[in-house]
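Same chain, two partners: subunit A is paired with subunit B first, then with subunit C.
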Partner chain A sequence: MGGTLSYPHTDVGIPREPYQVLVLGSPSAESSEWAVSVKGLTREYTTRNFFGGVARSTWALSGVDFQVAVGELFGLIGPNGAGKTTTIKILTTLLTPTGGDATILGLDVRKDLYEIRRRIGIVFGGERGLYNRVSAVDNLRYFSDLYGVDSGVAKKRIPQLLEVVGLADRAQERVEKYSRGMKQRLHIAKALVHDPELIFLDEPTIGLDPAGARDIRNMVRELKAQGKTILLTTHYMFEAEELCQRVGVISKGKIVALDTPSDLKNMVRDISVIDLRTYGATMEYVEALRALPSVVRVVADLDSEEQSIRVQTPMGADLLPQVVAALPEGTKIIDRTIKEPTLEDAYLRLVEE
Partner chain B sequence: MPSMDDLTPGKRTEGYLGQRVQVLKASMFLTSRLFFADPQWVIPNIIAPFIFTLVAFELFDGQTSSGSFLLYLVLGSGLMGMWGTTIYASANSIGFDRWNGTMESTLAAPMPLSWIALGRVLFNTLQGVLTAVFILVIGIAWFRTGFTLVNPPAFFLASVSTFLSLSTFGLLMTTVLLLSRKGGFITNSMEIPVYIATGTMFPVILLPIVYLPFAFMLAPTWGIDAIRIAALPNYVGLPTTYWQDMAIMAVETLAYLALAFFLFKRVEAYAKKIGTLEEY
Partner chain C sequence: MKSTEEAGVLSARSRLQMAYRVFKGAFFFGRKGLIIWDSWEMWIMQIFITPIAQIGFFAFLSVYLKYPLSATQFIVIGNALQAMSFSAVFAVANITSQDKWQGTLPSTMVTPANRVALFIGRAWFQVLLSALIAGAGLLYAATIFGVSFAQADFLALVVVVMLTAIAMTTFGLLISAVGLYMRTALIVANVFLFVTMLLCGIDFPVSQLPTWLQPVAWAIPLTYGTEAVRMAIAGDSLRSLLGIIGWESLDALLVMLSGFALFTGFESLSRRTGRFEEY
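The block that comes next holds the complex of A and B.
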């Protein structure tokens, strides 16, 4: 097993075969040893017609299993609509599961709502969750009262939190004047105002510039160093790789893999990645690359002036002559690099299976 | 820059009641901050009452030296203001959370939503009281109208009780809004019928008899009657005494409160089940 955590139930072996879901113990009698324990979790969304009958039914989760140890930084990654946010909402008691069991710090998400809420903090991604017309101080004071923080403690803790997240000098300004990164830092302060044991970070760096995202990642590291348990969802694979001790890959409402980032990467150790920076590339070139016999997968970002194309192949550098030969007229390769596969490559293989 | 290790450890407020009072105060405080942060608050709370008062004084030119006239004006506009702000602002305070994206954050707090909503409703109802006070000030200071009350302590008690009763009714309405944005249709459509049925516009006794059962089910109906008994000389209203009005209002208000807290629990659970909390 990767990482330095000491998990309960370590007698349970971790299979090394790719694509197999790794179950670290059973959330049965000793479920309180886990910060998060999820077993067979399902969630169905139904749309009803005028007469109250079910018009449409969608299974957002169809049997999710995973556990997070106390003090662990656990990542949940998956494509849009895979079930990440639904899982987070159930675990934070905002949504009722249709089936299965989930416990947070040993407490049942169906029965122990308020006790769970007292002990967790939630950071929503994006613009949600703050009162923009009032100041950061007003926001924090309001939420500290909602969480029942002793007023004497709040008086000390709120200015300290604003210092920690670098907003002390703008604390009295209305939040609507804040940049996206500042709002996200305030989200972190809000989630910490009641000193929770477990923190849910739902895509905390989405839409941030590189510096803002780096600040948030540093804060996540600090929280981890403090011994907080963190469940992070993200779209950014490098972020999960950089921060998380273990990562669960969720696809179509199920966990399709769960392991340390390095072990997940081992699933794709049979391939190399050719990273291309091109000028003038179109879908025509991407399709030509996909048609090459030994190409496993091509991922392209064609929206910028310089395009980025990622070619997965077991041939490595030997494929380069064919990659160059497939160039249409007017397309140029600015830079090319042969790389080891990353978590993103493993992720792409997993979610496309 | 200080690190997270330097933070003062969290500690919770002790006691069931202490925690709820803390939430109530926080909710009222935030609602007031949001209210005053929007410069438009001046229009319904200062400009509109001023124009309303001005028109009323011009219409009844010559009769305005009587204290009763000002009282009618203050009571009518104040009670309409209280109900108007209760039904709109309270209902919209939850709608605002949905629109603002703060619904999930609010619901994620370890406190029943009913207590958070009650704080908001109390502040919003208080706005109506402030409108009434403003009209009183205009009447006395601008139009030099006299002002006397038959029984000031009874008037004060009835006013505070009616304010609480209206707030409780607003809380009941808020449960409808929590379920879906379509609930706004129901609450909006109740504004004028409740004005009429509670006797805000004119004494309930003038209503056709078929409407009276509905009027009697509304706690503010009794409160408004009690206020008028305590304030106006020679007032002819319902065939009940001041204390009977107060007792009936208290019973109905407690029933609203119990129903509101019950519905909040059910609605919160149902909203979590259907998963439409944050949809706007």
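The block that comes next holds the complex of A and C.
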């Protein structure tokens, strides 16, 4: 990677007034001290029939509440369909909420669209969202124009951004030739082209190889060090644990827990985790483990040649003889470790409750 | 809750400067980023092959049907101008759909870009291309199909062709706005292209249409364009064409305003229904 994610903040390029923090106690204080404030946020999706009546209605969000402080790196985690992306879409003005309130840097997501858009950056996960037939430079130049960045500033900033995301040497190549990791790095550069105060990262490491994902995480750390406020959604618990100061767990359209990663882990300190690497394990073995007394939860990844099975239990190592005894014929344990619970264990408890 | 004023609203001048940057960026990027067939071979093919194929088809049909020469030349001039519709309407209408297919629409709509500047800037390249296609068509009319330009007022001709290119592009923008909400605007664009063939005085005068259909024909800027081009070739000066040019301009302006209203309306509707990513 080329360098650090910093560039002169004195020439941000677009006219900007400083973010105003109102005095606590004023009628607006509750929302204005937060970079993001969400209260009772709801979103209903309806499908209408031919006659205009509601054929089907789904509540994607059913009362979401959380706040993100200025300069904080906040994580939003949850299973597929829990409401993470819907929340991000509402906060970035792509979707209107059905009910509740949401403010970004003290501005209302329903009314102050223009001001909000000037001051936020968004990184969408995945390969889409870039103009593939043109170069990285052309993409960044176009988006800097759309954000109204002064051309002199853009001229300096675009090469700097390409340098820090490690794309300087391939800046003139068409984006369609880029790997997925390179595209994701370009997404980050695109989100920074107007030097936003608040950055939304919607699953920025999804589908990346370990090295690519590590690069992105390092960039997120750099952005945090720059004093940016970041709202990150992710599927990967270790990522949230590693990066975020606080994490909100969203499930079925509601925040079911919100705390620091270590305090969330404390919720499951009564259990230990037996981590197994096996050969030949099937669902039959997983079900046998689930049937053991004092097993709280079993999470298994059986898709690979070597399977990974995680057993949560308050018994710790004392359960091992039973775990071994339950092995069906033809299944072998390659490795076993007793571990402290992680954020993933807390998350699983929260989303399954 | 902090109002927009407290957060610091940009001055009108700053907003205007930003709108200019958006227009400029969209203008230059429109061709490179949003036109899927962007290559010089394709552009040349579009400029030179499209009009000859279209004009040739209708000209030979009229010869086969033993139409008088004046009727054939009427058809040749009409089709020379109408050939621009593929670029002015179809390609412009496709811009929003392209954004949807590439997944760039959400990234674009979360920018504070002035929507008028964005809306018009991205289509501007097509105005130039459309004018070139009509120019090539008129060149074929003169060199292959024997249309006499001896009396033509070339200044009037250039103004009318440019204006018609702009006017037809506004129709492309109007249809493009539909693509913001619907999965694609191409079906609407296709239908519109055939409607222009029928209504705009391309192959026969508008007066031949049923009376009730004639006002519809005059709601489309191309109808004024074909009439004005024939008049300019016949020798009418720019001054004498001011009336028809004025009506065409007004029509184009109304179409553009309707298109922009539709664009902002569908943007708002898409935010309510979450349809930005449907493609």
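Definition applied: the second predicted complex is superposed on the first by the 323 of 353 C-alpha atoms of A that agree within 3 Å, B and C clash if a C-alpha of one lies under 4 Å from a C-alpha of the other, contacts with A are read in each partner's own complex, and residues count from 1 in each chain.
Keep in mind that, in the parts below, a residue touches a chain if its C-beta (ideal position, glycine included) is under 8 Å from a C-beta of that chain, and two chains touch if they have at least 3 such contacts.
No experiment lies behind these values; they were computed from the predicted model shown.
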item	value
Clash-or-fit label for the pair subunit B, subunit C on subunit A	clash
First, second, both or neither for A:95, with subunit B first and subunit C second	both
Touching partner for A:124 - first (subunit B), second (subunit C), both, neither	both
Touching partner for A:223 - first (subunit B), second (subunit C), both, neither	first
Which of subunit B and subunit C A:185 touches, first, second, both or neither	neither
Touching partner for A:107 - first (subunit B), second (subunit C), both, neither	second
Contacts of A:132 with subunit B and subunit C, given as first, second, both or neither	both
Subunit B versus subunit C as contact partner of A:156, first or second or both or neither	first
Contact residues common to both interfaces of subunit A (with subunit B and with subunit C)	45, 89, 92-96, 114-115, 117-118, 122, 124, 126, 128-134, 138, 141-143, 145-151, 190
Complex interface listing, subunit C residues touching subunit A	1-2, 4, 6-11, 14, 17-19, 21-22, 24-26, 29, 32-34, 36, 38, 102-104, 106-113, 118, 271-272, 274, 276
List of subunit B residues in touch with subunit A within their complex	1-13, 19, 22-23, 25-27, 29-30, 33-34, 37-38, 100-102, 104-111, 116, 269, 272-273, 275, 277-278
Contacting residues of subunit A [partner subunit B, same complex]	45, 89, 92-96, 113-115, 117-118, 122, 124, 126-134, 138, 141-143, 145-151, 153, 156-157, 160-161, 163-164, 166, 174, 190, 192-196, 219, 222-223, 225-226
Subunit C-facing residues of subunit A, complex	14-20, 22, 28, 31-32, 45, 89, 92-96, 101, 103, 105-108, 111-112, 114-115, 117-118, 120, 122, 124, 126, 128-134, 138-139, 141-151, 190
